[in-house]
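Below: a set of structures, written as structure tokens.
You will see chain A twice below: alongside chain B first, and alongside chain C after that.
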Partner chain A sequence: MLFATRCLLLCAGLFPLVIACGSDGPPDAQGGPVAMRRLTQGQYRQAIADVFGPEIEVVGRFEPDNRREGLVAVGSATVTVTPSGFEQYEAMGAHIAKQVVSEDHREVLVPCEPDSRARPDAACSEAFLRRVGPALLRRPLTASDITSRVMAANRAVHLSGDFYAGLELIVTSLLVSPEFLFRMEVASPRGETTGVLRVDDLTLASRLSYLLWNAGPDEALLSAADRGDLSSTEGLAQQVDRMLASPRLADGVRALFEDVFRFDEFENLGKDVIRYPVFSAQVAEDAREQTLRVVVDHLVVRQGDYRELFTTRRSFMTRALGPVYAVPVRSETGWEAMEFPEGDPRVGLLAHASFNMLHAHPGRSSATLRGQFIRESLLCQGVPPAPADVDFGLFNEDENPKYKTARDRLEVHSSDPTCRNCHRLTDPIGLGLEVFDGVGRYRTVENGAPIDASGDLDGHAFANNMELGKAFAESPILGACLVENVYRYAVGRDPVNTERRLLSYLEGRLEESDYRLGVLLREVAMSESFATASSPREERAATVSDRLIASRARKESL
Partner chain B sequence: MTPAITRRGFLRKSLRGTFGGAALAVGLPYLEVFLNSNGDALAATGAPLPRRFGTWFFGCGMNPNRWNPKEEGRDFALPPELQPIARVREHISVISGLSVLLAGETNFVHRTGVMGTLCGGAPPTPNENAGPTLDVLISDVAGGATRFRSLEMAAHGVAKDSYSRRSENVINPSEPTPLSLYSRVFGPGFNDPNAGEFEPDPKTLLRKSVLSLVSEDRSRIEAQLGQADRARLDEYFTSLRQLERQLELQLSAPPPLEACEIPRQPEETPVSQDVAHVVRNHQLMAQVLALALACDQTRVFNMVFSAGASGLHLPGSSDTHHTLTHEEARDPALGYQPEATRFVIHGMEAWATFVETLESVPEGDGTLLDHSVVMAHSETSDANSHSVTGLPIMLAGRAGGRLLPGVHVGGGGETTARVGLTLQQVMGLNVASWGTQANRTSRPISEVLA
Partner chain C sequence: MRWIWTLVAVCLLGLGCDAGARQNSRVSIAQPTVRGYVMARWHEEIPDIEPGECPEGLNPTEADYFPEEWADFMAARKRIRAAGGYLRWDDERLPPDACQDPLVQPDPGFLTLDGPALVQGLDLDGVDSGRADSGGSGCAHDDFVSPDGSTGIDNQYWRLMGCVRGYRPNDLMDRLHESNVAIKEGAYGILLEITGLDDSRDDESVEVQFLSAAEPVTMNAVDDIMRNVSVTAHEETRFHSAWARARIENGILTSEPVDVRIKIKQQTSDNEHWFRDARIRAEIQDDGSLRGILGAYVDTGNLYSVLNDQNIGDRPQGRNAANARGFMCAGVYHAMPRVADGHPDPDTGECTSISTAIHFEAVPAFVIRAQLAMSD
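Coming up: the complex of A and B.
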């Protein structure tokens, strides 16, 4: 019912004549522009593990990822490689290459032995390149790829007197190639309709495998793309269903939620060691992992309802997390599954230590930061930035000892109409989580005063954080935001107008399926929008490039 | 405090501290081996000593009425928040009262002030700047000759906090630790200009051929891309060429450089936003940087002492520098926020240390600082109200005789782009005016010019 209403509104507003809403099938909606996305740190590491095995170490520092509009997946389509970043890629690539051809690994990773260790062996170099090249570049090799790299490898052998130095060069050249470091999407005109492009099968293969596995296409998918199977609905469905059934789906789901939850921010998380002696790098790492485990267990292993993530009592625990959650942990090492008892305040994701430590200050909790994160990332609602010229002098009462709790202090802010507009969006949710301190420990008092965690989520009153979780799970926009996040994550940009129809359809499908993530992922992967494109890149971005070209021209004229 | 030990350092007048039991039996080359008879150019190449440009950023500004000097010119009294620079004041000009002129643009908090000063105009949107930052403009011209176009550092340990940006899509990340800075500059790939014997590493040729191989694919890849992505790919290839340039430099013997010393590898230090850690890491980074400059590994650098909306923190406190600037009560007797202001003092002390470190390296007939100019700046003046009016700016060094330090210039509410224009001209860029819209200016700050 909800779906139908929304769809009617949309039809009335934007597409009065084009579509017939209420029909059951997916809309024939054209996708937006294609993207060129830089591999994230996780994707780079996964590629090395997939192609060379988990023993190969990846040592080095990655250029920081760039979060745009809430997602690194969107930011990755705007970043490039800076000089410092390139130095790092080259050093990492060379270090990986050295390990791959080392005595320890060549037996497994190099499919042949050269006639002589000191002389070129073009056939063996080619066999090696054919083995690792397609997986790294995510496409079959061309004749010229092979000729140029084998020739360069031969020259390297002449120079160094070592056959394996040639293979090392081949590996490094693949690992610094823009075709490895960036996922380049290609789209070409389809049929006679002007302006409608279809992404080519290899591009579609990469889109699928990064969405579902957060990795490059495997051999089976590459072959399917090469045969043209992905152009038919049956062929595509066969691959999508194979990938959804694979254990690697857990990697994809994990990466999706790491991004939505902004877990890359753990890298720079620090806490005051005097106020929070319980905090350590290990605690932070385990808190992050705990949340991802709960997500994968609930959504992938149990194929549960997404909304129940916010009310579930099931969790996983380590020794390091024990003191934060004030629970005994039997195992000295590793993870143990556990369930919080009925009535325990640890209900759902919002009660996890991860969110509560990440969205807080080094020395205290922050209702506003928590509320802002939840509005923006979990409900897809914009929170305007604080106005620059607020007279904070009004709130210098903050230090006044009569204001003991965060609620007391924030209520002072809410007395000002300029502040109230945004703080009313963030604070009621955040105040519901004030029972968790700056590292996520449960507490009932602050500075000796009892904490009142009651509030109201968009008209749904709650008495404490448990009820907040329940109100959250029942929020009518929770599913719509999941759809929005998954789609933006899948295509690396905001949806364009034509894709809005798809998003409405997806919301309906999600609701019908009782909020099963697998159903949503399958619908996205099979959708017309996912396989089509409007243009190589939107116009607006071109102005940025014009400016870059202008800046370079100026430099050259000097 | 243990300054990095250098061969030349122990001769120095001002390099303070003890040197433990380090063996000091090091032969020193005569000055004339390196310099021409005037002492202002390198004997080996006849080239003048290089001129360096750097920025030094501190977050969350200052208290204008306690930081801005009252008198203009040379004889100005140091106000309370500038007291920490007393020991190096002869090397520093203070420029107060310049602003990023908003002229209708939004003041994006903690962003407009810094990007406005560095790009010559208020940023039009949260994801766009008025242009490339000053250091990028300068390194495009002055950075080509050295191994690194520029070096970025963040003493508070956050690599993504960097204000060196060609655009918001091309942000040059900061080295987050003294050790990472050291390894990047003095690790593998460093050729000691004074080593005497030189033998290129044959591996360098192999590394170069990897890069040529990748470049062969450029036009094929480009053909598939739209215009915006082509510009991003272009940036990728600019970065690739920079590494090619590094490798070329490694294949030939570098000219000897009298001031160049190899610092001792810094120990691994704790990295956090605790002031004590930041101060220590900043000092170690400054020492490595000074010698990186003396060894002519780069001529452009950007140091972040604390980021905009500074997260600097004192152990045991529930607050950070940033939260204090908004939430601490102004002490009615003092008229300012005492806790927040402690961080301003820490920042100014660190700035003095930085200037002192560059000054402690002798070069030619003066010091490294004499052949450099460093602009200290912040994203705000009064952080409590996010003010971008009357921003604190300081210039240290003589830029090879083009600047006269030691003065205070009151800017009278004009644009900070005047500083950027001055610095581009001082660094030899052929620019008559700079900045966008209300911030466009053709008036350099003549009071600081020699």
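Coming up: the complex of A and C.
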């Protein structure tokens, strides 16, 4: 439906930039504006682990990540570093640098020994800088990079009388560099074509590595970019296929779905332990990890159909999580694979404890929050915010003897016309998950009354949460939303008008591939839009029309 | 019946029987007819309504019995501790330590509770007996009446400890039971499994097994025992009882006698508790938990060891513990044969065990057999 609507709008000639619909090959769609994206907490930590090893601790407070239009990946292109945030980055960088050059680590991390510990050794400083600099700045070092930092290091040695203080300064300077803290994209005009820009190979390398691995480019990718290999289809394909075949793809897919699933919100998740004594920080952490393991196992290891994530019975379990699911767990430590039997209500991701505890109140479940999450994040549909003057009084009376179940209370609450319009979008889905309490434990009654988990997903009736999962998997919007989420995650912004045709093409390719994520990622990585950019003037002109088309598409899908 | 479930479990765990089941290491959900529990409470009966009279008073401690020696020892201990040292409880300032060897001290004349009392427990021998019934043999005993009016209650352990200060209602042991510290600190990790369960209200043929756990219980966020947790059974099969026949009638589970050995590890005690011919009577609660009494005979040798064999490293602590609870080790040792009422020695006819009653409450859990446990 979404696909059809978009094509209809585009083909109706509303937007002259669009030429045609329905061509077989990938469209030569021009990409949108380049971005300057601040590293997320996870990406910062990953960069340190990649360059210096997992033993190096990252301690400090990060500038908060910003979720925008449903994704931190989009929000990261709209944030800066505040003065106090910079102080934090500097303190973290200094702490990291101290560890790197410490006696415990220098033997491994510093490739040489100075002639004298009390005097500068420019050659050794340069060797160290050449080792860590390209990986941190995600580009080869220039002569200026080397000269300025080695000179600064030498001065530090003169002042301190310690060679390693100079190296410490080099590391700190790299870690507070805007080129480390931000993924700064560069594009330049391509040939004679007016207004079409092509991102440079280093920018493309970063885009690739953060999309597929959620990390900076490795040495092979940086070298390929430096040689200009990424400018050719063959060279680009070679790198993309290498990265898709790498075990590090699992990291990239985890990061993608952590963002789509809003799992950063676990950091602030709390529950009323009187009501949910089974809840703990460990349970929350394991619930989050469980879902990501299922996603990676299904989409990466098994290369399964994305839609089957919502019907799969395969899962992973820990001892801490076992009481939430009321299942036996043999392994005293770590994770074990398991499969829920036929007929068990634990079917698909929507039955996971993670979603059901994250999208609930501290002391009770929430059909509305769950429905809203599903609409917005998994179906890419907008749900208007609640009016400021809405009266939640009756709904919050979850011990009201007259309205024992959430369905009872929501029906009364939604009888208010002000509330009805939004709740009709969220509640029919969310009520299908009412068999899971506020931490995701299965239940059949609420306040002594049986729970009716039947509902309707856009005209597809379901009797229980198992049928909801099936209806969800069969939703025609599901694949389209995955495409939209992956593309937005990849480029760090909403698609512009010129990219809509690409999204339609990607939806088709995803369908043809039986919804394999790997195929989608490859198509995005190899697409013209991913490697090109619009000029600032066209960007401004596109903004109004983009909003209009997005708004119409959203209304149509609802 | 049990072999069927064992076979099912083996198949499900991928150890044989079916190619489909063997193909990977996944575990399926436990069959509904197997129900596991972990003990959330486990403590001996201390009657609180009519605990019985001790007309001659309560038993003395060693400090009461050897006041000069103890005063000398405690003064020295205080001085040495102030200087950062440690004075052992088997120091020669004190009389020889009867908690390590009960024959090194004379019988101090231990006071038992010989009169009537309202005491909970089970009728283990099926007889509402009195001391005169057996013609004055060593095993003859007066049964108790329970607060609900049941007669024939065998609980000679209360006769043994009923006149010990620390065991009187609201005193040390009662408070420890109330705080449930033994379970919460992991002294007892006890599992119970019921198999062949078709109807949790009425089932004339089920089987039960007691197992020590290999790990402490898991507590939840409000300091209660976590429900539905998986607990690995102790790797030593001596701590797995045989399966006992049992039945459920109107929600009440009763089992036939079986020997049970429970591993104890708490503070100064690292031992095992041997319950002979143990059987339970417990009610299955609406919330799935199980609440009731285990009645059994405790072996006298084992009981003496459990009470007194306590150590920190190579430093004996039994005398200290006995003093805190209010008895003398030598006294208990000499009194045990007087109250013993079970398992007569075939040669001497003397009873070698003492009837007792343990209150327990168990919450649903999954019993994981240690030999089948696997790591990530």
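Details
To be clear about the criterion, the second predicted complex is superposed on the first by the 504 of 558 C-alpha atoms of A that agree within 3 Å, B and C clash if a C-alpha of one lies under 4 Å from a C-alpha of the other, contacts with A are read in each partner's own complex, and residues count from 1 in each chain.
As a convention for this text, a residue touches a chain if its C-beta (ideal position, glycine included) is under 8 Å from a C-beta of that chain, and two chains touch if they have at least 3 such contacts.
This is a predicted model, so every value here is computed, not measured.
Contacts of A:I274 after superposition on the shared chain: both chain B and chain C are touched.
In the superposed model, A:D344 lies in contact with chain C only, and not with chain B. With both structures placed on the common chain, the touch criterion links A:Q41 to neither chain B nor chain C.
When the two structures are aligned on the shared chain, A:E90 is found in touch with chain B, with no touch to chain C. When the shared chain is aligned, chain C comes close enough to touch A:R319, but chain B does not.
Counting residues of chain A touched by each partner, chain B versus chain C, the larger count belongs to B. When the shared chain is aligned, chain C comes close enough to touch A:E336, but chain B does not.
Of the two partner chains, neither chain B nor chain C is touched by A:S231. When the two complexes are overlaid on their common chain A, residue A:A156 makes contact with chain B while staying clear of chain C. In the superposed model, A:P328 makes contact with chain C only, not with chain B. For the contact definition in use here, the residues of chain A common to its chain B contact set and its chain C contact set are 273-274.
Contact residues on chain B toward chain A in their complex (touch as defined above): 106-109, 112, 127-128, 131-132, 137, 140-141, 148-149, 152, 157-160, 166-173, 176, 180, 184, 202, 205-207, 209-214, 216-217, 221, 224-236, 238-240, 242-243, 246, 272-273, 311, 313, 315-320, 323, 326-330, 384-386, 429-430. Partner chain C is touched in their complex by these residues of chain A: 273-274, 276-280, 314, 319, 322-323, 326-341, 344. Listing the residues of chain A that touch chain B in their complex gives 33-34, 36, 61, 63-64, 66, 68, 78-87, 90, 94, 148-149, 152, 155-156, 159-160, 165, 168-169, 172-173, 176-179, 181-182, 184, 186, 268, 270, 272-275, 361-364, 385-386, 388-393, 395-400, 535-538, 541-542, 544-545, 547-549, 551-552, 555, 558.
Within the complex formed with chain A, the chain C residues making contact are 24-30, 215, 218, 220-222, 224, 226-230, 232, 364, 366, 368, 372-376.
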